[in-house]
Amino acid sequence: MIYSYLPFIILLLGACAYFIGSAKAVAVSGGSGGIRSLHSLPSHYGALTALCCVLPALMVYALWQIAEPMVLTSMIKKGLPAAMLQLSANEFSLVLNDIRNAVAGNSLSGSGDTVILAAAQRYMALQATAGKIASAVILVMMIAAVLIMYSRIHIHLRARNIVEGLIRISIILCSAVAIFTTIGIVLSVLFEAIRFFKIIPLQDFLLGLDWSPQTAIRTDQVGSSGAFGAVPIFVGTILIALIAMVVAIPIGLLSAIYLSEYAHPRFREIAKPLLEILAGIPTVVYGFFAALTVAPFIRDIGTSLHLEVSSESALAAGLVMGVMIIPFVSSLSEDVLHAVPQSLRDGSLALGATQYETVKNVVVPAALPGIVGGILLAVSRAIGETMIVVMAAGLSANLTFNPLKTVTTVTVQIVTLLVGDQEFDSPKTLAAFALGLILFFFTLCLNIIAIRVVQKYREQYE
Amino acid sequence: MNVKSLFLASALTMTLVSTGTAMAARDAISIVGSSTVYPFSTAVAEQFGKTSNFKTPKIESTGTGGGFKLFCGGVGVSFPDISNASRAIKDSEKETCTANGVKDIVEVKIGYDGIVLANAKTAAPMKLTRKEIYLALAKEVPDAAHAGKFIANPYKTWKDINPELPATAIEVLGPPPTSGTRDAFVEMVMVAGAEKFDFIKAMSKSDKNAFKAATETLREDGAYIEAGENDNLIVQKLQANPKAFGIFGFSFLDQNADVVQGAVIEGEVPTFEAISAGKYPVSRPLFFYVKKAHIDVIPGIKEFTAEFTSEKAWGPEGYLADKGMIPMPDAERKQVAADVASLKTM
Amino acid sequence: MATENKQTMKPFSVHMNKDLQRRYRAEKRFQRCGIAAIAIALSFLALLFASIIGSGYTAFRQTFIELDVHFSEDLFKDENLAAADYAGLIKQALRTAFPEVKERRALKSLYMLVSPGAAFSLQDMVKEDSRLIGSRQKIWVPANDDVDMLIKGQMKATEAEADRRLKDDQLGWIGQLEKDGKLETRFNTTFFTSGDSREPELAGIWGAVKGSFYSLLITLLLSFPIGVAAAVYLEEFAPKNFWTDIIEVNINNLAAVPSIIFGLLGLAIFINFWGLPRSTPLVGGLVLTLMTLPVIIIAGRASLKSVPPSIREAALGIGASKMQMVTHHVLPLAMPGMLTGAIIGMARALGDTAPLLMIGMVAFIVDIPGGFTDSATALPVQIYLWADSSERAFTEKTSAAIMVLLAFLICMNAAAVIMRKKFETKW
């Protein structure tokens, strides 16, 4: 079966093409200037040959992979009884599934219909032939491409420009992935959110002070008493994120500065990855830790100080979340601090500044954009975290800035609304999409502000 | 370096994507739905996978609503064959199903799940009535001074409700409003407790909305704490806080009987026997739904339902009872099993 | 120092000395703060590790019971070896071990001592070696999870009988087995070799490990090259204009999107639109890629920014093209930071459950996945599911699974450290 190895063969041929191309380039440059008479480096010619040979082949291969089942299905359709052909597309997919099961030799549901088995036989035969044809086409194409390129290579061919152009297009496409993701997210959330806002007016949702989807258990009660006011949830989110940042920013930033500026390199090598582990511990663990260790501890302290502390508090969740996001601040900041040119430090120290003053006045401002980037990532993670909040801060939406009360966050609500037992077209479920959309715009604003801040305070050295 | 690695990565990516698009046949049953039925469904699936020649079904825990959304998406390989539910399918869901071509559905009731109110073993056991629970947890309760009027729930301790109860603060950890357990708890405890007041009962006929608001809204001042759906966590929180009560499924009480105890409700201790005899008032039926159009096409569905409805699985001595599911009475089991065997649709 | 010198300089030097001392104190204080910060963070790490290991290390051992099994020929009359009554074999063996137990209920609780999986292990043994039929063998089979919990001391025998999973007569049998040396704990290989199960003593993580491996492989292969390429484009090539700003805000924003939303996106695009199979590592990997990308891009841009412009100018000055300048000089220098971003992103992908919920990977899957398109779960999902199981024995399994996850994490971090060390330069 040459077809199943085709991707590897394509790769292998591509590698050969690279060597053929660069060898030819060296060969044509045999004139007076030697290799220097070439417009580009031999490796550029090699890469160009390889790309010309591999890219079209891969495209054809991918197309064939997608098209094959469709083509083959329509071919075996002809042999099936008329009754089967009258089925709807989805029902027909069940018949096809039976056929494919027969092809794969899996255990069958029914008695093993002769029609199905015959169809399976034909499917296999067709598949084998089709595979051979596709392989042949692709191989011929690749060899042809190599031959054409081989004849085209001469000293004036601007191979570098073409290759770099191709790379440039590909990296532009890579950055476009992020845009497409955003569009996808907005689209996948928008329609359901619009349906929600048809039931609950936007201003009620954005400005309502009372979030309790419980009053809308039955459809005949929808929208009574503004139970979908999202303000308490936003406040809860901000409160918990704030507590988390109060923990994470000082600890993270100080760790980063110590590791980068003071610590012995060996200590740094060990401590930094250890800190990074904090970010990877599953959130369930943090959740249990927050709910069963930190929360009772805070409650005990609170009661001894005669404060009213609920057993589920924003403080417990925020503190533990802060610990979790320390690496986002520390690791990323450390990298950028480390990358600040040594000459800046030397200059500052030579002027008589202490190391602390150097850090404060020179190194940190120079590294500010990176540090802000790391902090932003940390805030993002804090806003997006669910498990810790569910386990330690509860799900009750209280409109309060008191960290000793229970609060809830946007993402927690999204998750519980989406995986609950209620009907999927009730406003409860739709509210999840609306929350998602709002959160999206909320963080968007946050980021725009951050960018402005960075642009304003950034110190560009050299 | 970059050129080569870019080239390599793109090629590998192509390989991966291409293997993905090659459509494979589905030969395992796909089940979605309620997280309450999940532990029972998985036990049957495992037994089924090990004792038959079929593959072990794949069971997703998506919540009842999410399960129906997928289930009612249509007929075809990419849609699940069975949906678990901790409540009966609703009419709107049935309509969606029909609109998407899912016309014949077999409903299988499999047993009951008890819901308990429990506290830590280190605290004293409680004897409660549903009326007392209603008074403790409702957002607005009947005003003791003015008959027929509601006031915001004034009760801080259990003693305020009934002088015989201890003077500890009311603190109950329970599921959020999105949960089916919460729906069932509200329906069977709160509504039933509220109807002990005659004027509220009268409201159920005269003013349905007000009745629902009065009976189904739980208080939000911190006495009722919405904890997540992780029942293990609630059990552990109760151990850490002996004053608190928790609301969760019977199977968790069964497994943790050495650390938590169920409150006696209406004079009935939540035991396996009391729930299955129908004496303990708080239990709800569990279901699963089978797409009839898939039965002859996806291998093993018939055999799986047969395994689920066999005595060794759902009988009083069966392995599902060991997992904490409360079996139905003998006659009902026989009836359902017969209906399932003949694939009687809804 | 000469005294007269000090006297003449007094006002200034006192001032300066005071100032200097203050500055040095600030320096010391700052340094101590740094050490304290690291100490706090590391002590949290140690605390978490201690609590995980403390509650999970017992899961690596499993209680076994020795049974004297008689594979009598009349049970295997049927040609099909799988159809024989293996559970019956186990029951018979238990009856011979405790001949005094006769009553039906008592027999049932006696059978409960042995895991329901014991029958399957007998089945496997016979399948492997049919010569066993007719022989008498001493076989160690896994005990039920309740017995296991008792032996490990996680269930107290001192509670009132009604509150115990194991009743008095069962405790008596267990005691007798222990006395006869027919009960011992062994290394739990099942935990590392099998897939999920509803019986804690049969549950393993291998299926989840493979699922995670396949998903993360796809994530790494896609997100690292794409992320680096995007970072390079945005930082080095893109014109600084309104559109670039939009892209930048956009990417920062994507990093803040809660992961379950990526699950919704994956459901809409990869499953409903592209028609990729549900619950597979392929879809999981793609969703995690989208989730990881912003982290890698942001970290990548930050580290590209930190490469001094002089490097670029030097490269361009000696005639390199812009692309060569980037690939030969800037990128290698920025690599350590990019790797850090990739590791943090991958660690997040390794530990996240929420996006997998929507694409069907939070599921009960017993069969071990063999490729990118087989149904699979992932490690964090397994942890999540076990943490929510009612059986007491799953608690230690949860912690043990977390330990395995952490082991992978540490390996990933170690790999990053080695790579970082290889690339790192300070100038």
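Note that the chains are named A, B and C in the order they appear, and that numbering of residues resets to 1 at the start of each chain.
Following the convention adopted for this analysis, a contact is a pair of C-beta atoms (placed from the backbone, for glycine too) under 8 Å apart; a residue touches a chain by one contact, two chains touch by 3 or more.
Computed from a predicted structure; not experimentally measured.
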Of B-C and A-C, the pair with more C-beta contacts is A-C
If chain centres are mean C-alpha positions, then the most distant from chain B is chain A
Rounded to the nearest Å, the gap between Cα centres of chain A and chain B is 33
Separation of the C-alpha centres, chain B versus chain C, in whole Å, is 29
Here the gap between chain A and chain C, centre to centre from mean Cα coordinates and rounded to Å, is 19
Where chain C touches two or more other chains at once, the residues are 225, 229, 357, 387
Note: chain B residues in touch with at least two other chains are 2-3, 6, 10, 21-24, 26, 35, 53, 55, 62, 78, 229-230, 233
Where chain A touches two or more other chains at once, the residues are 167, 170, 288, 418-419
The chain B residues in contact with chain A across the complex are 2-3, 6-8, 10-11, 14-15, 17-18, 21-27, 34-35, 53-55, 62-66, 68-69, 74-79, 86-87, 90, 92-93, 96, 101, 171, 176-183, 186, 208-209, 212-213, 216-218, 220, 222, 224-230, 233, 236-237, 240-241, 244, 293-301
The answer for chain C against chain A in the complex is residues 23-24, 26-27, 30-31, 33-38, 40-42, 44-45, 47-48, 51-52, 225-227, 229-230, 232-234, 237-238, 245, 247-262, 264-265, 267-269, 290, 293-295, 297-299, 301-303, 305-310, 321-323, 336-337, 340-341, 343-344, 347-348, 350-354, 357-358, 379-380, 383-384, 387, 398, 402, 405-406, 409-410, 412-414, 416-417, 421, 426-427
Listed in rising order, chain B residues that touch chain C in their complex are 1-3, 5-6, 9-10, 12-13, 16, 19-24, 26, 28, 30, 32, 35, 38-39, 41-43, 45-46, 49-50, 53, 55-56, 58-62, 78, 121, 229-233, 249, 251-252, 254-258, 317, 319, 323-324
In the complex, chain C touches chain B at residues 82, 108, 116, 120, 155-156, 159, 162-165, 197-199, 218, 221-222, 224-225, 229, 271, 274-280, 282, 326-328, 331-332, 357, 360, 362-367, 371-373, 375, 385, 387-392, 395
Seen from chain A, its contact residues with chain C in the complex are 160, 164, 167-168, 170-172, 174-175, 177-179, 181-182, 184-185, 187-189, 250-255, 257-259, 262, 269, 271-286, 288-289, 293, 323, 326-328, 330-332, 335-336, 338-342, 354-357, 359, 367, 369-370, 373-374, 376-377, 379-381, 383-384, 386-387, 410-411, 414-415, 418-419, 433, 436, 439-440, 443-444, 446-448, 450-451, 461-462
